[in-house]
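First the structure, in the form of structure tokens, and then the observations on it.
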């Protein structure tokens, strides 16, 4: 069965992540959730992705502020990476949105909207990917 | 073989689209390209999506200004939709970026960066989706 | 007698809509209010507009986030469409304002300000349209 | 026959205005065009509106920078006023867009997008108003 | 003795105005305070300025949203006009700041910062003008 | 006779300053123009202001980027200081506009618009101050 | 032992400063904290920097609004100056961020993020500077 | 002698980097310049930093768009990292500025202004660090 990896940059993203995991649980899609920062745990993040990426069908990366997490993961794996900007900090996620979307050519991050709507849509998007494949 | 649909909202997006189709051709990924506006050809767009969506593995939607195209396509199909904001108009794509990302929960648009980098990444992302599936 | 159609993209826009309907009731202008999303109920929206547009003198469309609603309605009817950006989400309606105003040439949305002032003015504007016509 | 008044705040808006008057001429809709600034010719503007408003079916006001023109006209007449922000100055029309939309409740300005698309849509909107009335 | 006129566009600006009038009272500078909107009371505003401008040494204009008030007053009088953007509405005064500063050449509005700091500084600036003159 | 001091933060502001000095020359208002940066020549600036401020009726300070110049001058003198943001750099003067207006209470900078319109208006404003005084 | 100077522009920055001084105390790095505004106490600030700069290894300058403080300090000393924008006022520190970063060439301010994260990082950065030196 | 490492995310940053290296050469400060992207060469970047960090006194990281480079380097080393946002892409460096400054607490990036001024100041700042140390 297809399994999703959710990574968030900080434990404080957990409330936002829950908005997505509830949907995944309703739809009986398996997932793992890790808290690993691109800035504070870069090597651990790299090790985890390298050793485990094969297990996962897609990766959802949630981060706020200078949200480098989804871009860094997208550079470590060839799996599809979906980014969700969290609305933390004084700029309320606009910084995270730009940090995720404005990637250089070759390292794609599929970015969703800021906050709850974005988290939900990351999961809806993953569901489309899974169903797309099963259909064939 | 997996085929991609590229839709742009206006003929003037063609230069941007070409940045992506050149990559697709290099990688020998099949695609069709249609110019259909969510505002000027809504019914034609709906008809095309309904009649043809089964043929396509994923849809890339390119638009500028109040870029409703990817969101509208995402509401017409369950296929994965990737949005690329074009940097046209006085706001240089910031309007299009927000119009694409800030979708309500349930209708996901996987948004890439503004302009050329974004167009390239839409195609790189689609390649990941295809390889992800083949791998299994 | 002239009747106004108000459409909002989500039930959560109801508080904002009420600011306008109270004025309409004070002025004894008839209206209908429907909740229909351009993203979640596109076909229902199209059907409703097609079957009922003749009944209405003008349409007020209220939406937040990637507010495609007024633009989509404006592409489905030749009636005058007035857009009101709701200040929901982390960007407080700036996203909705740009999604409404930055329409391509040919599909006009007459956009009012963000939130309550905008909702009031949508109704004041409609009143001007009605009186303008009666005067002649 | 219904006649439209176009007012722009400066002679330098003429190129933008032409985008609209060409459409009006194609459609054989009569119009007058005046250059009158809310800041430099306020009294002349007031006099002109007061003496001539009856002649016009709707007023399109084009302005850049701190674009007070449409709001001031909307406070001088009960006719429908449509605002078009010109993309002049270092802020490229974002200042004008906010100066037009963010009106206090009671004085509606129906704002179109920045620049050419907006000017075209102002005229398309006026056409809808005229046809709306004729239809009845 | 030199007298200052303070005009605000709405009664809801009163709290902000008070921040300035307390300073004026401490310094025993005379002032009058009027609530007159450039949009809702344009003629009354014009009449007031015309009949009374001679009495005043300088005019402080406070407004939020599409804050046309200081610009309109500056076009009605040759007195120095100081603008204070109020942080009302969803854009928190950024709209008002741009509506005040981005004046066309020939109609100067001396703009202060948004909100309380700006209101205080309007009064500090007026004090400088008064002392500047007395010194000579 | 009243004399104006114009200070700009860099020699590269000279073109913008000229827009103002031409008006001053037309109106036969005397002025001195100094290039003194708040960042590169702070002590020289302080010395100049201290030794010469008595000579001047008002000070116009022109600067781009993190435009600290008008605020620093306003803290060195009790003369009225008028700020003009130059549209240099990638942010085109928005940074300078905020650096000038957002002063703490007690140190007023009377800010004009970005670029040429702002420079003209600084001089128009000074003319109002001079005439205001002469009138009495 | 190396000592750090922290200067903030206002007593109201104290809560933010505390986020940094707690870290300094944990790490047993000595510091002095002064409240000195570039606008309200410019001469005192200059005197303090001139007389005491030799004592300090680096200077952290915290300010909100038109945050001229770090730039002015950087122009008074050759010591490394680190700027921290406080999220006060209606623009929540965006004004301060631009006022600090957008310095002219030659007067460097090493700017950290807005608010608490930035304050912490200023102190983390200083620790790196100290350890960098000790290491050699 | 102290040596500086300059890393830029793309070969296209070379023109901007040159603005800094010319200064370094004038001042006879040694440096190495590497092009290594946090997204396209993450492992190579990590390897280079790990193996060579001891050689360098400080690291200047130049990047545009979603400029993760300085933050990633700051997480790989305890050396002081200075970030310079390049003004590439449609957002002209605003995206890069936010991606660099808005770092989570614990991983400091000392950010300079966008483009040439910023690049110069990165080098001026490094010079202060070197002289600061030598002085002792």
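Here the chain labels run A, B, C, D, E, F, G and H in written order, and each chain numbers its own residues starting at 1.
The working rule: contacts are C-beta pairs under 8 Å (C-beta built on N, C-alpha and C of every residue); 3 or more make two chains touch, one makes a residue touch a chain.
Computed from a predicted structure; not experimentally measured.
*Asks:* Over the chains that touch one another, what is the least number of steps taking subunit F to subunit H?
*Replies:* 1
*Asks:* Looking at A-B and B-H, which pair shares more C-beta contacts?
*Replies:* A-B
*Asks:* Going by residue numbers, if over half of the contact pairs line up, that's a repeat, so tell me which of F-H, G-H or C-D repeats A-G.
*Replies:* Match found for A-G within F-H, G-H or C-D: F-H.
*Asks:* Given a C-alpha superposition of subunit G onto subunit H, how large is the rotation in degrees, taken in steps of 5?
*Replies:* That pair's rotation angle lands at 180 degrees.
*Asks:* Using mean C-alpha positions as chain centres, tell me how far subunit E is from subunit G in Å, no decimals.
*Replies:* Chain centroid spacing, subunit E to subunit G, equals 35 Å.
*Asks:* Between subunit B and subunit G, what distance separates the C-alpha centroids? Give it in angstrom.
*Replies:* 46
*Asks:* Can you work out the whole-Å distance between the CA centroids of subunit F and subunit G?
*Replies:* Here the centre of subunit G sits 28 Å away from the centre of subunit F.
*Asks:* If I count partner chains per residue in subunit A, which residues reach a count of at least 2?
*Replies:* Answer for subunit A, listing residues that touch two or more other chains: 65-66, 89, 91, 94, 101-104, 106-107, 113-114, 117.
*Asks:* What is the complete set of touching chain pairs?
*Replies:* A-B, A-C, A-G, A-H, B-C, B-D, B-H, C-D, C-E, D-E, D-F, E-F, E-G, F-G, F-H, G-H
*Asks:* Which stretch or stretches of subunit D touch subunit C in the complex?
*Replies:* Residue list for subunit D touching subunit C: 57-58, 78-80, 82, 97, 101-114, 116-118, 120-122, 124-125, 128-129, 131-133, 136.
*Asks:* Residue numbers of subunit E touching subunit C in their complex, please.
*Replies:* Checking each residue of subunit E against subunit C gives 65-66, 89-91.
*Asks:* Quick check on the complex: what are the subunit H residues that touch subunit F?
*Replies:* Per the stated touch rule, the residues are 87, 92-94, 113-115, 117.
*Asks:* Any idea which subunit A residues touch subunit H in the complex?
*Replies:* On the subunit A side, the touching residues are 9-10, 37-40, 42-43, 46, 65-66, 68, 71-72, 74-76, 89, 91, 94-96, 98-104, 106-107.
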